[in-house]
């Protein structure tokens, strides 16, 4: 398929999936759209980060949720918040941007930490180690209730971000009968997506990006040409983890709370599905992958409730997850290059 | 600590059986099967479906009524069904992928998709509630120096018998030897006149039957949930890696050790008040082992990149 | 001051009891084109791996430019000016030919993350110089038409050329070529041989493992013969060619 | 001349699509013959054996076993046609015992396996002695004997041997060649790929010299032995 055909398919799929949302919902369409686009932005950001790991460097990372989690927890704990069973409010805290910066750095350092043992391992073992490390992170966060709030999580942090909302923004959003708080988070996450993509566009065509791709192709040759392959891989781990950290922060603000069940392995698999759908190694792929993914996801409940009359909410959600699993499988088998991935750079058929 | 030893043995036997199954499949096919957990769950869920009394209020999605069969017969049927399921997976999904020379990494991702798909299929049909087999409650009895219910004790014995049987089958039967042969070298096996496709099919079937059995054990000792397999999967990976992936004996011992380790670690002084994090300790152990001895305790060197 | 560029002393490597390399002393002079030959399993590639740091010897020392490089990381050895190629070509498949070459030539500073973000005018200049140099090399090797092709699309012979070109981007002092002619069609092999000869004439020291004996005899100034890890002969192609031990190593003995 | 057991016509094959290592090889092995294939490294000797065994795809040409075409049959079916094959490396199952190795070799025999193995033990008493030992613990020479025995359990008509002397001590080589000779005397035809050209030619009825995937020369063993062109092929012309 040539480049323009790929783009036409992508755009047609994107708009028709959004059109589906309009068709299936008799009212409140704008709210539903706003909700799904907010999630799409946050997950697109995470998928962009994962693409740095897998698409650019060939690292099989299945612990992405933990990078998002580290970013979220560190940032939230540094701004005013309330945590734990008692929900005691901590009024003191750093300004949001500073906390976010530290959160990003913490996520990167966690990436470095996870990268260190992983450097010696072959692909499939890296997958096991990263998913296990992410579970360790989650279990520890749950366990360290005095700091992280454990299963009770962290709440009352939203104003740290929401207080920067301009008045005209509120007026505009309310006139559309939408919730300003969520739109604000969605807007900021999409702005982040574009900023990060600008950065990555610059990086991936730069000597540094070239070096990472070389590592992806053949580490021995990289070494033979005098480059430190391990350090390059660690840098990639750190950058991707940092981006994931930002995404985790926005995810927390979108929910208005965080607790450990958010950062389960399924979150990682969602991000993987989006990355594969958009196209492994494609810069803009995650944007479209994420929008289509969320449009489908947000509508499955309705379709499912038509098929299964008496199913409860959890079961209906099951249909959605089933679809995610099916999507991952079918894409891997029939279209591993996704929507915008280059067939020539297809990474997944590597032995 | 002694109190926990009994629990550790019980958890260990579940993980051990599941680890052997995973390791068997990996050694013959080189597939890291993330859907292994779902086959574990299938064993328990099918047993529940067969054995629940007909008049129980559990009706699967308003369509399927339970059958109310005897528990042992149910378990037997469930294990057979797991085998059939594993065989179908190979025939419908994995054999075509292998013939199309799809890479290992891609297949790994496929098993993840498969895992998510099947797990939520269970959620839809078997609901998200925690359930139990229709078995009578029993009182704990002391065996040697640990307490457990007679039923759990029987599970433990059954588990040990199954392990011994697996060992014997792998060592003495033609098929078992052929599995080990394909593991050593698939090419040499076909040069010897063995149709490795058949051996791989049999491996899928037997691995899935074992996984299903592990699930039934889990259901008896603890409870049944749609995601019970995924919850235990990482511990199964840990057991397999600890023993050395690809060696059945190693997986047996590794699984048992992980089970005991998880339960006994609860009694460590530094774990006081942190019982929830006990799995983290086992997973941490796995990472440390992969770091310093990637081939596991009993495995051969091979898999450092 | 000696003329030795690379010197190997008492280098031993065994695999499960089998001696792969067992070299008492071997040295390679500046500006010389030396070939290492020997029957299958003679330990030629292992010897290359040891010298370039990809494997560790059991005992022995290796000196490059009079500097001890035993137990040094491959990338550090490479930075000293010892560049190797691989028997099974290791080009960066999903990168273009130009990218392959530019990656190789790029300095550590130029590769760095922050330099890449800043993308200053000096680094732009560096990149365009690099590109120019890459095109010179591609022209030299007759692959400039393929500069935008993915390396995986090249034929076996073209990949060998690319790998050679990639090594040249590093301006090596010593070039280790592991079977540069393997899998290359005869016409291209002749070209390639010519190129190697030219490089040697330009002053690059070359050490080559090659099975195409005819080619080896044609261009080598010195030939080292390995058999079962040991040096059994060394000297000019003529002397080696008529050495009984060498003939025996290749063709075996007929005794019962 | 006896009936041909194996006949290859213009076989072309390779590991990667579009890159053929063999570029049209013709070859005949007749009943009771020992035929060796020699040639410099990379000539395609081992590749030819793998192509016959169905381990790599034959892209052009055909081959016949006892007059019937068997091109590109699955490997386990070629074995059932009475062809035994001993690869150069990985030719025993290291984690299996000697007896289990032989049982694997006798896979296609089913119930009659036990008897064939027992018959084989009479020829190879060493293997019987150590039958419970893991093949991985054997020395190189013993491994080679086991590999030969494994290929012999099914009583093949034709045995393909890939460098049976590789990596062995001179004494072990003598042993292996003696064993091969004995096998041949029992009526098994042998196609031998050898690095040790002189020894192989002296040992064989006929020989083929391959060069870059094609037939270069052929003739009786002794003729080729004295042919100076063969030496040139290995060590280059001056």
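Chains: A, B, C and D, in written order; residue numbering restarts at 1 for each.
The rule we apply is simple: contacts are C-beta pairs under 8 Å (C-beta built on N, C-alpha and C of every residue); 3 or more make two chains touch, one makes a residue touch a chain.
Remember, it's a predicted structure, so these values are computed and weren't measured experimentally.
Taking the definition of touch as given, a chain qualifies here only if it contacts chain B and chain C alike; those chains are A, D.
The count of contacting C-beta pairs peaks for the chain pair A-B.
Chain centre most remote from that of chain C: B (centre = mean of CA atoms). Inter-chain spacing, taken between the CA centroids of chain A and chain C, is 44 Å. Mean C-alpha positions place chain A and chain D at a centre distance of 56 Å.
For this pair, chain A with chain B, the centres built from the Cα atoms lie 31 Å apart. Counting partners per residue, chain A has 347 as the residues that reach two or more other chains.
Interchain contacts close the chains into one ring where each touches exactly two others, per the touch definition above. Touching pairs of chains, sorted by label, consist of A-B, A-C, B-D, C-D. Chain B makes touch with chain A in their complex at residues 32, 61-62, 97, 101-106, 108-110, 112-121, 123-124, 127-128, 226, 230, 234, 237-238, 241, 274, 276-277, 279-280, 283-284, 286-287, 290-291, 294, 303-305. Of all residues in chain B, only 174, 177-178, 180-181, 183-185, 187-196 touch chain D in the complex they form.
Listing the residues of chain D that touch chain B in their complex gives 53, 55, 74-76, 79-80, 85, 87, 90-96, 100, 103-105, 107-108, 150-151, 154. Per the touch definition, chain C reaches chain D in the complex via residues 18, 39-41, 155-156, 182-183, 186, 211-218, 237-238, 241, 246-247, 250-256.
Of all residues in chain C, only 52, 54, 73-76, 78-79, 83-86, 90-95, 99-100, 102-104, 106, 108, 110-113, 115-117, 119, 123, 127, 150, 152-153, 166-167, 170 touch chain A in the complex they form.
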